[in-house]
Amino acid sequence: MHFLVFQTLNGLTTGALLFFLASGLTVVFGLMRILNLAHGALFLFGGFVGYTIGERTGSFVLAAVAGALAAGLLGLVIQQAFSRTLLGSPFNQVLLTLGIAFAIGNVVLWIWGGAPRLIRPPEVLNGSVAVAGVFYPIYRLFLIGLALLAGALLWIFWERSRIGAVVRACVDDRPMAAAMGIPVDRVFAAVFAVGAALAGLTGVLGAPVLGLSIGLEFDVLLLAVVVVVVGGIGSLTGAFVGSMAVGLIDAFGKARFPEISYFTLFAPVILILLLRPNGLFGRAGVE
Amino acid sequence: MARARISPGAAVVAIGALLAIASWPLDAYWTGLLTQAVIFGGAAVGLDILVGFAGMASLGHGAFFGLAGYGLALGTLRWGVNPWLAAGIGIVGSTLVALAFAPLAVRVRGLAFLTVMLAFGQVVWGLATRGGSATGGENGLPGVPRPSLGPWDLSGAEAFYLFTLLMAVAAIYAVVRFAGSAVGQSLIGVRDNETRMAALGYDVRRLRIIAFVVAATVGAVFGALSAAFNGFVGPGSLDWRLSAQLLLSVVVGGAGSLWGPFVAGAGLHMLETYFAGTTQRWPLVLGLLYIVTVVLLPGGIASLPRLWRQRRRSARPAATPRSRSASES
Amino acid sequence: MRRVLTFALAALLLAGGAVGSLQAAAQTPSAASGEPIRIGVLDPTTGSFAVFGEQVNDGIRLYFDGVGDQIGDRPVELIFADSAGDPQQTLEQARRLVGQEHVDLLMGTVNSAVAPPLAEFAGQQQIPLVLTVAGARDVTGENRNPYVFRTGLANGQQDRVLGWYTAAKLGKTRAATFAWDFLVGEERVAGFTETFTAAGGEIVAQQKPPLGTTDYGPFIGQVDPSSIDVVYAFFAGPGALAFVQQMHQFGLLPNLELVAPDYFTAGVLDQMGSDAVGTVQAGGYTAAIDSPENAAFKEAYAAAHEGAPGVYVAEGYIGAQVVADAIARAGSAEAQPLLDALAAADLTTAAGPLTFDDRGQAVRTVYVTRVEATADGVAQTIVETVPEVGQSWTPAS
């Protein structure tokens, strides 16, 4: 019982962080067919900016806002500078976004010097509480709650709001949306920036659990790509379910079979994709 | 672009040119650098069959490269067999793994394929890293010996360079022949219009599997060469970074051109080695290089001759209409 | 036809650049007096080990700056290259340093994984290699290569002292070990376990998170805190930072004793801050060492940096000290005289006396320290000094 509760909570914590990261990646892909491999680098950049702001102001909230803003701005710059290439062939997207990822990673090393950093959770969320007989850090429970809340808000925004309707229109039929007077280019720019901002926000939110270090950008990128593809590219529901599934598989796999944890994580991924090539919640035709 | 059949004469010319290069007195450093460069260039040519011809971008190709290296290392260091036999075990083993996994992998397309291969690569990487004393774990297996070819001792840098060149010529020749063959041309058809090819009665699935296995085998050959050259194989010999490097080489070179990926695979390796020795900012330099390439040269290195011809043609009045060459598949 | 010719052309172009190097190939380095001694330094300056590699480089630079880049009558030239912590790249850069830069010896490296292939390379090229930090045991083991010396500690060397100290001196006898699942972790835990159990301790639980893990949630939960009284941990950099914090969040610290090798808090002690207070560590260097040699080192460091030097800077500095001492005694940087001089090394470094055993592994003093809170943060104080610790040290010896 103890084991079950504990590892479930661990899986949900990882899943929550993955969801924040994957939601940005999946929306950008769903809308523009862009697989942004610089997403992990934006995560790291946002995290480090958040770290610096947190150290200066002592405020976790300001750190999170700063991390999201900085990464969002950088995302906007990338989108504006390379808008044509980004909409080009998938091969060139891979080349461009990986190039950007390497560049950002090295600039982060340049600016912050490569020493690993830790952002401390806000004072109110420090410490542990008992959940079903298990002592568990409050901050991690907060992350799980936040992911649920964000998932619900994103879903409402996506399905119920006017802006959401506009974005979905662009996803479904770009020429038609343009013909109806929707400023498609601006929608693209905004969504790309929001996706990047989500990555930066995750950098700060994840720092109390994962820390911040050079190289982390690619570790999280691989997981996020897996989550997005497994969940179904462009699907928020898929990103949520995929995140939680990958998080839980990872937690139980590591706890039970630590020596083959890569196998326990990635073998199911292969299986899922072979059974459902479009992912769990993906629509046919999305490749 | 018409794909001419390769005449044996042309092959001899090519081999002769390569041998001429090899006979130039290079110093130890350049010999070593070129050996490794040719290895990465060759592996990229193999991957181009999968990416450029079959249109399947893989982020797990490094696995086949590394598996052959592990086969060679395990064979010589753990089982005490002859290096040639061990290299054979590695290459055949890697090919068999590809043959076993291909029918599954080709069920998916596009990003799903990319991700399945990424996951496959991570599984193989995980097995290598967690293999304990069998695979040397994180530290890998140092001390892989180089074989000798009859009276020809390959342990020297120059001899091994020459041998690598010979192997590269043979492997690339085989790939070029394959690309020009009916199967290679059908692959292009499948890439461009799968439905049509299926309607015409082509076994699309089989074609994809063939491309997958051919690419893996070529990768395995160069992976074994790499292990023998470095005297070492480790998780870095098959991780996703290597896979990404190979994929980037194909794209930078120009997918589907074969020679472009060779130049890019070899050239990028040399640039990386050069920059890593001169500046701590080399990942930034390489990253910017990728960005500049993709912006200025979206067709990759292979589009250079065409662009050049185009410029020359447009410089002359009343040349061929430009629109003809502007379409890029 | 055209395709094949294009290939040939491409290959020709590739080799074209090589021709330019012919000139360089013609030159052979001479060892005449006044000729510079060229030292190739291979440390990671990109990737996750970058921060540590930079510090080792700092230490090496610091020492040679201090002696005016001169050994005897010969100037010293340091040629740095980025190993990126990757064996493949390390080999490529080593080939460049030896083949193109014509260095007389190689030194450096941080992570263990690059050491065995590099040692192999040094043997083939017959070029002396002085390892500063990388602790892979094989390199100074039974099949040791005569071209390789290690001035830093082998994996497990300080952990042996720590195991004995934990059981015999701290009186903690029920341990859980946490170490990344890789060879270094294995070698360290083995060293700790051997002397710990010999002194009456018992390993109650062993957790092996995958290498690079920074979220220890799944592992911490598997250890029943009431069954143990001490935690041994080996992680480095971001892993150590996250571990200490999470042990507090999950409530295992500060109630239990935490013991670790010195690399645990190296470079991240300030970031850990008060979370690290009480951590007992064993290692080859601490800023708290009270000796004229260390005072000189700290003074030189303070001239260019803030704060006290960490273990990585120190290991770079010590490596450079040993190299310079050997070259001076050999009167040459030729391989064989240099190797003989290294083998006979007997000097006092910033970290105390240093000699080599017959496998090229440094025998050094190991310091056991405890992290204490101070007015402006945290600092290590020495609680035990154990002299002449070899790679197979036991309390009896």
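Just so it is clear, A, B and C label the chains in written order, and each chain counts residues from 1 on its own.
Here, contacts are C-beta pairs under 8 Å (C-beta built on N, C-alpha and C of every residue); 3 or more make two chains touch, one makes a residue touch a chain.
All of these numbers come straight from a predicted model, not from anything done at the bench.
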Original post:
Can you name the chain that lies farthest from chain B, using the mean of each chain's Cα atoms as its centre?
Top reply: C
Subject >> Dominant chain pairing [most C-beta pairs in contact] >> reply: B-C
Subject >> Distance from chain C to chain A - Cα centre to Cα centre, in angstrom >> reply: 36
Original post:
Taking each chain's centre as the mean position of its Cα atoms, how many Å separate chain A from chain B?
Top reply: 32
Original post:
Residues of chain A touching 2+ other chains?
Top reply: 106, 259, 261-262
Original post:
Residues of chain C touching 2+ other chains?
Top reply: 46, 181, 210
Subject >> Where chain B touches two or more other chains, by residue >> reply: 129-130, 282-283
**OP:** Would you tell me which residues of chain B are touching chain A in their complex?
**Re:** 51, 57, 104, 107-112, 115-116, 118-120, 122-123, 125-127, 129-130, 240-241, 244, 247-248, 250-252, 255, 281-284, 286-291, 293-295, 298
Subject >> chain C partner contacts - residues on chain A that touch it in the complex >> reply: 2-3, 6-7, 9-10, 13-14, 106, 109, 113-118, 120, 126-128, 134-137, 139-140, 208-216, 219, 250-252, 254-255, 258-259, 261-262
Subject >> List of chain A residues in touch with chain B within their complex >> reply: 35, 82, 85, 88-92, 94-96, 98-107, 110, 218, 222, 225-226, 229-230, 233, 259-263, 265-267, 269-270, 273-274, 277-279, 287
**OP:** Flag every residue of chain B that touches chain C in the complex, lowest number first.
**Re:** 3-4, 6-7, 9-11, 13-14, 17-18, 21, 24-34, 36-38, 129-130, 136-140, 142-143, 172-173, 176, 230-232, 234, 236-237, 258-259, 262-263, 266-267, 270, 273, 276-277, 280, 282-283, 305
Original post:
Which residues of chain C touch chain B in the complex?
Top reply: 1-8, 10-15, 17-19, 21-22, 24-25, 45-46, 81-82, 84, 86-89, 91-93, 95-100, 112-113, 116-117, 119-121, 124, 136, 181-184, 210-211
